[in-house]
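Each of the two complexes below includes subunit A, the first together with subunit B, the second together with subunit C.
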Partner chain A sequence: MRFVARRLGFFLLTLWAAVTLNFLIPRLMPGNAALAMMSRYKGRVNPQAIHALEIAFGIHTHQSLVGAYFTYLGDIARGHFGISLTFFPDAVSHQVLQALPWTLALVGTTTILAFVLGTFIGLISAWRRGGMLDGALPPIFVITSAFPYFWLALLAIWLFAIKLGWFPESGGYDVTTTVGWSWAFVEDAIRHSILPAATILITSIGGWILTMRNNAISVLAEDYVRMARAKGLKPWRIMWTYAGRNAILPNLTGFAMSLGFVVSGAILVEFVFNYPGVGWMFLQSVENQDYALMQALFLMITVAVLLAILAADGATAVLDPRTRDGA
Partner chain B sequence: MRRVLILAVLVGVGAPVWLSMGSTSGKDVAKAASSSSVTISNEQGTTWTCAFSPFNGDVNFLSFGTVYEELAFVNPLKSGATTPWLASSYKWANGNKKLTFTIRSGVKWSDGKPFSAADVLYTFKLMKAHPGLDLNAAWSVLKSVTRSGNKVSFTFKTSAVPYFFYIADQTPIVPQHIWTKIKNPVTYKDSHPVGTGPYTMSSCSPQVIKYTKNSGYWQKGMPKIDTVYYPAFTSNDPANQQLASGKAQWGSQFIPNIKAYYLSKSSDNHIWFPPVNNVSIFINLKDPILKNVAVRKALAYAIDRSRVAKIGEYGYEPASNQTGIVTPTFNNWLDKGLAKKITYNPAKAISTLQKAGFKKSGGVFHTPSGKALSFRMINIGGYSDWVASAQAIQQQLAAVGIKITPENLSSTMCDADNYNGKFQLSYNGNETPGPAPYYELREILYSKNGAPIGKTASSNWERYSNPQTDALINQYSATTSVAKQHAIIKKLEAVMVNTVPVIPITEGVDWYQYNTKNISGWVTQGKPYARPAAYETPDWGVVLLHLKPKG
Partner chain C sequence: MTFQPVPATTEPTTTVPSSATGPPIPESRRGFGTDLWRAVARNRKAVVGVLLLLFFLVLSVFPGEIAPYSPTAEVFQPGLGPSWQHWFGTTAYGQDVLSQLIWGTRQSVVIAFAVGGLATALAVIVGVSAAYLGGISDGFLSLITDVILVIPIFPLIIVIAAYERNAGLFTLVIVLGALGWSYGARQLRAQTLSLRRRDFLEAARVRGERKSYVILHEILPTMTSLIVASFLGAALYAVLFAAGLQFIGLGDPNSQSWGTMLYWAENNEALGANMVLWAITPGVCVALLGAAFALLNYAFDEISNPALRLRKLDITGTRERPKDATITAPTTSDRILEVRGLSVAYASDEGPVVAVDNVDFDLHRGEFLGIVGESGCGKSTLMYAIARLLGPPFSGEITDGEVIFRGRDMVKLGDRQLRHIRWREFSVVMQSAMNALNPVLTIEAQMRDACKAHSKMSDKEIEKRSIEVLKLVSIDPIHLLSYPHQLSGGMRQRAMIAMALLFTPDLVIMDEPTSALDVVAQRSLMMQIKELQERLGFAVIFVTHDMSLVSHFSDRLLVMYAAQVAEFGNTRQLFDNPRHPYTRALLDAFPSIHGPRVRLTGIPGSPPDLARPPQGCRFAARCPHATPRSIAVEPPLFDVEGDLVRCFLYEESAAEENVRAGATEGVA
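Here is the complex of A and B:
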């Protein structure tokens, strides 16, 4: 029980610190939202109109920093994130909720897939080290992981979309498809996601393979594995429950972190494939000094990462009794 | 077992997420694009907000022209040739201080309610009540707007002939019966716009907007194209790819190496880049060295504009001339004799400086008091063409003995420095073009568009101020006589050439690519019936009305 309480307490403290930094950091940036807005309008708007808009935006409300901080805390507690200046006059929460499903589906799925496949391949290569699989897969994926993502993605577009025409080259779905709960739309969306997903997978799987393989090799040299072999246990059982279970522990926290960062999107993917998502929205919010949107996104990421770490701590405690209190 | 379980979880998590995407509920799945649809590829660097308020400077290009319409269409490419639109006619009176429109009858809003002069009156009253909606500052010159029957009269504080463009062409008319119910029009999204235009917005998601033809449109039998798709692009490459592959037929952005990338892909692919304004060097006239006209003239002589256009802009943007008249668009306004007075002539640059008492030492000219002619030039670092142009200018000026240090800033920072006058030289082309050279010259030269250093100047960033020039600009406002207007513009051209407050370098163009495979009726150099870029309001609506499916 003390373990849980301590973890939760730590979680709340970090959350508060993150929320506070989230409030302060954007305000330390040079420039201001009004100027960013003027340059976005590209001189198409007269200064009087800009002034009127500033009042509508609430840019020039002369609230003290401390006052603004408490308003901010109150708003967050009630889930009010305000109006986005980038997507004026839309609410921040509406914009984020529109982009988030795409990011969760694409980046979330590929992160989990990369971890599962990478761990699996890493374990098998460690178990049969020197074998065919070990000789081929880890080096290949380590090399692909070192490719710059931009280059690999453009190559994939050129080859599979433009030359071979197997997949669409950009977008989340075809412009002529109506968005909705129809099979045609889902199929179209999946077809559009294959290239981005494949490129993310190829560039991210190498790390998981390598760390899992290294962990598993050192675990396989442990006495308890030798003991298990001596007992005459079936090889697959040794591999999974003896070697695998222990070797995966260090990777779990790393996985939890990357799961948390899923919600920050994949900005390069979104750029190259013109794919919808949160990453690009992030960049826009920073460029336009859109505090409301920036804060909501930062907050979302911090909370997601903290929750993921909390979950990983729990999982480690379940898998490894040594980390529990009094053990 | 465990692996199976993980995969099951994956599917379980993935499926509902996929299904919950998108914003609008779909009913029908559109059939494959037929010949009567147009897809626009215009990289705006943003996903769609699905807001359509015609008074919101961020999104009005998505509704004004197609859904909302103007009183009269003014063609900027034909020196302001006017086509009656929601108003069937107009008349100036009372020393060009009163403008009366006769409002067209038989026009309906897309929800079936009749359109009338009351809607026009309401629109302008709305802009007066909420200055945040008055994007063109119409009420800075308007005194009152009144209606009698089907006539709406605008009374101006002073003669305001050039304001016809903003009142008639640049103001979208909105339905009174809908907008009166809105509590705060400034923050109103207008997700389902109701207008008089040829199209209605039928569905919108962050990725694509679909426009469907308005079957009750007042121009009978129009439009000929049933559907318009407007996808959102956050970066240039995918947008260009859609054009090259023919998936999009109407493009409005810069494509590098366009011959190989676009034109060679199909004989149906065409381009035309009509010049509309200038990209210029703004010279800070409050700078102690730059306020000397000899230095400014030397700068103007020393720059080879056509070479800059070739290096920086691949030649797509032609070279400007010192008069500030954009050619060939406004050719008939150009005083050719004046334009010839300042052309590329490095020897003359050197002699001008020598005559004014500047001396060269160490390859750089110095003032009589010993200060080097060395200036910072701010520029937007994100515009690779401007960065290349600035480098070319730097080399050309170095050759005559003037040192320039380009500073590539973010667009926000660069704009802020322009507005506040915190620069020595500034390379910029963000002036808003109009239907005559007057509009850009007024932005640059009118003292009311300037401000002291440190205060926001709207467009006269070099801080030029001369009562005689102001008087000329005011005289132009008072006359509808084309001959008088031409005479005044020639005097303004002389100001540009004789005092060199800014140095126009290259001409800013409308980016425009079009595909003639299934669609005809595009804007061409021979038929410049509207500005051809898809981001131009309300011109893009006029373009769509001219398009026809082939065969």
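Here is the complex of A and C:
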């Protein structure tokens, strides 16, 4: 219980930090970017849009900085992120909700898949130490983990879309199909997602394989693994319940820590593929100087990462009784 | 050799699990500093990483001399394909791609080193001070570290860049550095915390050194590898993030960099317009520079963590020994275990280390045999070899000899056959139950594992049997549902013994089962083991460093020194009349409850390096009775009134035909 309370407290704090950064960054930039932006837009866009910017920046001309900060916090708490300039006059929150399912499906699925596969391969590699798999994997994946995501995405487009024509070049679906839960649409969406998914998978799986392999190697040296062998347990039982289950614990912490890295890569992959998800929209908002949308998306990404870490924490608590006892 | 009085049999009280699983490596050989370069040169990944890095460093320093053209000023025909004049073709603006690549190197290299340096400096400052200051400062700094670690940095940088468009090199370095230190700080903090309670820091504190002095002179040097890892990690992240930012147009579009090249290539749809190399090669450069850092980082991990390095055991170089006359008589019903000429070697960087060298002994039904010796003498390895617990994925291999257990040579048994007799016929109790019990399973689950592996017992029967054995060692059956960490040290140890008795085996091999306990708990556990042994009739091999502990319990004692049997005989006889100078020294190092008060003496010197064992008697360097002969020639085991002693002092008293050639005279 104390564990849960402590973690939740930490997440609220992190969320608060992200919100505060959102509020402070435009003010701290040289020349107070927020005010400069406001005066630039005055008279050019309608009052509604100005109000949207006021919410995004927390600028209320009649308020002190502290007062503005609390008004801003209040707006965020009620889900008022202002109005998008790019998709005027649509509310930012509505836009975000449209992009979210695409990213969850693409990045969420591939990240989980990469983690599960990578953990599995890493464990096998450590178990068969010095075997073929173990000899080939580390050098290969050390190098692929250094690949820029967006470059691999470009390469994939060039080879599989332009040269071979196996997959569509960009987008999340064919514009001629109607969006909805029809088989044709789902099939089309899957076809569009294969290249970006493969790109994310290839670049992110290496990290999981290597950390799991190294964890498993240390765990295999533990007495309880030797003890399991002394007990005459079957090898697969030793590998999973004794070595695997213990080696995955630090990997789950690692999952939390490298998630930010994966998300960064995913943003660029969505950008390169023009994939209609949160990352693509985020970069669009930057491009169009749609600050209300940009800030909302940044918070959104932070929340998503926090939720994923929370899930990893939950898995740790399930797998490790010591965490449950707060030891 | 330095003659420090070393209390012979006091092992470090903190149990280092690796000490039992790996070859003993003298402290001096673990040194980092100068050995570092040799280790780097030996590691293939490190060599490739260094070469790649050097390549880019040269490009970044001399782009003007190396690049064939100016990156921007000289304009050729746009969109040229690869040719001898333009290896990688030209851009849509008619500039030479290769020259742009070469000029672009500088920025990536500068960013990598500047951000790596800045982030590492911040990581060291925050991480080390958090751990060293402790208390509220630690809480505060750790919290900041964790928050920064969790906030997705790249989106945050994009948000910052959105307000500060066309960020120059300086801004980029500051922002990346200011946000990229948290991972390193976290690791450095953990490392510092683990160092805090070490003796050398306590000593510095007692000397009254200032905190800043302690941090700079005592803590930082021990963390070289972590600091290097932190630098390499930050450099890798900086190269990738900077390229990403420039690629999406958030850098200075006029700068010479790989990311900017990709930005322009993407804007001109270079891939579709057949200027593929323009769009691909900058990415290759980013990937290669990134790979250099990643490879170095990984290699460093391997170098600083020896467990990650795989060493192949090559025993072709070890000396050949003539086979001893093995006892060919069929195993009598009384003798359940015979160990003949057993040798075990570990692979190490210096070649094979023979940790058990040609050991012979036998064990009778229901007998209690003590195996004693200093840490690193090979006693635990001997125990693992007998129980066939060596070999992949564990280090160490049996290189020679037989272990005949109830008529079967265990060395020759396959995994499946071994599995069949494990735990039913012989079981193992390890040194520290804290390490030997699976931390994530309940006691019941761990007992059920063993039962399911060897019997068709139903869950009900398993539970009944588990309760029975727990009661045998006086543990409340309620603890079946406990996890190891919820039990006290003594209880854990007893639970492990209970587990070993599930099938009432004929032999229980115990590796220092009491060394983690205090003296009172030790005593009561020993009594309990002895009582159970007499009641259930199993034989015990009891490995310990504490000779006095087994004196009242064991029937016979085997004294090991530097991988060999030094003396083997009846316990009473050995205590009353120790023959080998080493046994005598061991006994002198222990207080006796009875008898006059005498000054305890340690044994001067330290055991020999098993990677390079001495030519003669292994104890000669520390022996008060050493002779030129014992320094030159290894003594065999002499049979003196039924007591086997490896010492030339007893050559005379041993009848010639009684010489049991436990070792050979000839030295290869």
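Observations on the model:
FYI, the second predicted complex is superposed on the first by the 226 of 327 C-alpha atoms of A that agree within 3 Å, B and C clash if a C-alpha of one lies under 4 Å from a C-alpha of the other, contacts with A are read in each partner's own complex, and residues count from 1 in each chain.
Keep this in mind: a contact is a pair of C-beta atoms (placed from the backbone, for glycine too) under 8 Å apart; a residue touches a chain by one contact, two chains touch by 3 or more.
Remember, it's a predicted structure, so these values are computed and weren't measured experimentally.
When the shared chain is aligned, no partner comes close enough to touch A:T253: not subunit B, not subunit C. In the superposition on chain A, contact is made by A:V116 with subunit B only, not with subunit C.
When the shared chain is aligned, subunit B comes close enough to touch A:L104, but subunit C does not.
Within the superposed three-chain model, A:S93 lies out of touch with both subunit B and subunit C [touch as defined at top]. Touch criterion met: A:L155 reaches subunit C, while subunit B stays clear of it.
With both structures placed on the common chain, the touch criterion links A:A18 to subunit C but leaves subunit B unconnected. When the two complexes are overlaid on their common chain A, residue A:F271 makes contact with subunit B and with subunit C alike. Common to the subunit B and subunit C contact sets on subunit A are residues 30, 157, 162, 271-272, 287, 289.
Subunit B meets subunit A in the complex at residues 2-3, 6, 10, 13-14, 17-33, 37, 39, 45-47, 49-51, 53, 56-58, 130-137, 140, 184, 186-189, 203, 205-208, 210, 229, 231, 233-235, 237-239, 241-242, 245, 410-416, 419, 430-432, 456, 458-459. Subunit A makes touch with subunit B in their complex at residues 30-31, 35-36, 38-49, 51-53, 55-56, 83, 86-90, 95, 98-99, 101-102, 104-105, 108-109, 112-113, 116, 120, 157, 162, 169-173, 175-182, 184-186, 189-190, 240, 270-274, 276, 280-281, 284, 287, 289.
Chain contact summary for the complex, subunit C toward subunit A: residues 17-18, 20-21, 45, 143, 146-147, 149-156, 158-164, 183, 236-237, 240-241, 243-244, 247-250, 262, 266, 271-272, 276, 279-280, 282-284, 286-287, 290-291, 293-295, 298, 301, 305, 307-308, 310, 312, 384, 387, 389, 392-395, 415, 418-424, 427-428, 430-432, 435-442, 449-450, 453-454, 483, 485-486, 499. Subunit A makes touch with subunit C in their complex at residues 10, 13-14, 17-18, 21-22, 25-26, 29-30, 33, 126-127, 129-130, 134, 138-139, 142-143, 145-152, 154-155, 157-158, 162, 210, 214, 217-218, 220-235, 237, 241-242, 245-246, 249, 256-257, 259-261, 263-264, 267-268, 271-272, 282-283, 286-287, 289, 291, 294-295, 297-298, 301-302, 305-306, 309, 319-322, 325, 327.
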